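The structure is given below, and queries will be raised subsequently.
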């Protein structure tokens, strides 16, 4: 399988939902000749996950990060674009390949209190995915896995049920369950956000160690930039279905380009009473995914708004830095670009029926 | 600073249950000076919300202050009856910004009606006067005045939180208890809301008790603070004291466990274990089982309040508080060694 | 969406529903094996006479013509004639509807008021003796089939104790006596109330479970709501809080009331038969036994409309009581 292709690659991935409610509205829309009302939960999204890489996706609630995760895992069919797993498009997958895919792409959910079956012992929780995928195992495999997520001694935990575990221990079990099928990719949905601070540190450190130890790649989604920065090599900032900026973690924190990223970073409280934080200046509420503005989706909250923001911005490398990309009109010369790239204001305006 | 507006003096709070009582708060002492913003930090279940509830008589039916004194403006309130709380404390003197704004506004009442109701029970304001007042406050918190007659469900989460702040200011209380006011909100919205809360300091002549699990909110917005663990106060002092010279092991480790976006490479401190179930007499330090520096004395009695550097306003409830600067030396160094990667600031 | 639009919409939906039910009933009865005239064959009519009858009754016309005629007749309140009595169906059914309504409406209403209060008390005294025994009692009464409950009451209060009459609405002499007087005259007679007591009690005991248990749960649930805690912290007096609890907790009970009213029509059939109460339930059963199709068809329609109107009432009530239903959020997330 390893042919140099990235483990997981998303190309112009789209997931739109039809929000037309009820039959009368559908008929009315047909009669008037309007298209259905779409929520562009994920829109024209590109992401490349290399081997051993940890990509963070951050954004406010409603930005589409959960939809993205569910689309990757196959809970939703993408409306458009392509997803490649080890270079092979998932749209061409056979049933067996999907099963294989599910073995190699595992998920850790946000809520450890609800993601474990209360009637399953720890042993059964870990054994179940192995049985589903027809992998031989014995008790030592499970014990070893428990030890590597820090549940030691494993023999003490193996017969316990979720209600006997603390929040942090539950999340460790959930992580062990994800790792036990030896996946290539872990999708983590804010796995630390519901835990207390002391436990949160524990889980973050654990994920950090394990991705190194098991050589697994990870997509880590969260709303909390300060925790993401501990885990991720790269950060993708998502706003209303689009990735507006992607960069290596340090570069992104030290020198955010997109006005939205700047606002996000400046809004994070700093645990230091002597530090005088420069506060964000944006106002308003997160945009409404149903009724999104044309062009740049952030423009209505943006302190740098210009006329050209009514056009969808291109993804460009700011200051010629090939490692990063930002979708903002501030960072490119429009005339030069217009000559070089025939592709007009991307997907937003054109596709509307 | 003037007189304390609120004092806790060796307060024990228990919840009666069918089995053993839950000793939610044990020997809690702290004081909030008039005009101060005071932060109370701790993990879930540490008793911080119980403390908040006890100030306004909001404990559940089975909860009771069993010993110690809670003094509001010098007056003992721990044994107040429901009607005494209504008369003397609730809303006129102490208002609350509850944790879940989404569920705290009565869904079948217009916001204007909820305000009129407050006015009816606590003031002689006429209906139009009450509505005028609400409009004024909507303006203060950045809501459109025209929306006072909306139902709560017509507001987004951030807007409901602002409406709740407007309600908290409605009777110009002298103390506002904000219980995790921004937990449900995204970071940008949180920043805006904290900004409003912070701004009240200048215009409203009000004290604040900010209850949160997020120590950075306290460091940014408060003057003094207390750190709680397992039903006990671990350390109290000004935010500068607790940040610069923390002397309780939990206060030290908690700060290091907290992610700081300025230092993405720093290893986060891990605090092993979890707080004990508080079912029996709490005559020991509840942090002892998680503490890397615990010694037998920690389990032999409730830890004494120890002034740090001779300062009676900076107290650590730890038998080894005096030795902490050496014991935890490598934990205390942390802030000088690395430099922030953020631009600006400092 | 404004409130007005919400109500208009509900009304339109209700009208359409009634129309659909009427149409479906038409279709069902035409699809049944044989037609009305086949009943007459058994009574020895010759084919010519039958054909003449078919024509007279309009059964010879194509189905769609019959359908249009049926709908037009319905709209003009002409619902045909009873085979059994030869009277217009409407004249036969109308007083029966009234009789059923006189029994059910007050009984269900009383059930909901008393049951609701009882449930509220149980909810406020969670874990107490009253709550435990209350739950068992109301559940027990609902577990007994309604007709059997009626029989037990008759056995105890009529046959054994002899306090109440066993059946009917009025004794025969009395009903002849007041035949020509207005309907309400009977309410003045103690005899009517004696007849009324047992069926009323049966309906009440049987349906008590819904309001009592739902109100209990609802009170428990509402008492734990955040907004109630917030109201308390705002310093509202105990009595006001209690009023709010009741108001919020009654929401599900109030909305269940019309549903019970509508649903009771099915339970009513058996209760009316047990007590020989001259309502539409007993009319339906006797009509089925006599194969009086026009009456059956119309009673079905009445029953369906009864249920639909009940649900319509629920929608309207909900729209008033809970603004979240009828007033849409303009800035919701």
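The letters A, B and C name the chains in turn, as written, and every chain counts its residues from 1.
We adopt the following convention: a residue touches a chain if its C-beta (ideal position, glycine included) is under 8 Å from a C-beta of that chain, and two chains touch if they have at least 3 such contacts.
Only a predicted model underlies this, so the values are computations on that prediction, with no experimental measurement involved.
For this structure, which two chains have more C-beta pairs in contact than any other pair?
Greatest number of C-beta pairs in contact occurs for A-B.
Which chain has its C-alpha centre farthest away from the C-alpha centre of subunit A?
Between subunit A and every other chain, the largest centroid distance is to C.
Provide the C-alpha centroid distance between subunit A and subunit B, rounded to the nearest whole angstrom.
Using C-alpha averages as centres, the distance is 33 Å.
Averaging over Cα atoms per chain, report the distance between subunit A and subunit C in Å.
Chain centroid spacing, subunit A to subunit C, equals 54 Å.
Could you list which residues of subunit C touch at least two other chains?
331, 333 - these are the residues of subunit C that touch more than one other chain.
Give the residues of subunit B that touch two or more other chains, as numbers and ranges in rising order.
Correct list: 156, 159.
Do you know which subunit A residues sit against two or more other chains?
Within subunit A, the residues that touch at least two other chains are 285.
Enumerate the contact residues on subunit B facing subunit A in the complex.
Per the stated touch rule, the residues are 43-44, 156, 158-159, 186-192, 194-195, 213-217, 219-220, 239-240, 243, 253-255, 257-262, 264, 267-271, 274, 335, 340-346.
Spell out the part of subunit C that touches subunit B in their complex, as residue ranges.
225-227, 229-238, 240, 244, 247-248, 321-324, 327-333
Name, in rising order, each residue of subunit A that touches subunit B in their complex.
60-61, 166, 168, 196-202, 204-205, 223-227, 229-230, 249-250, 253-255, 263-280, 282-283, 285-286
Quick check on the complex: what are the subunit B residues that touch subunit C?
Touching subunit C: residues 56, 58, 82-83, 85-86, 89-92, 95-96, 98, 100, 103-108, 117-118, 121-122, 150-151, 153-157, 159, 167 of subunit B.
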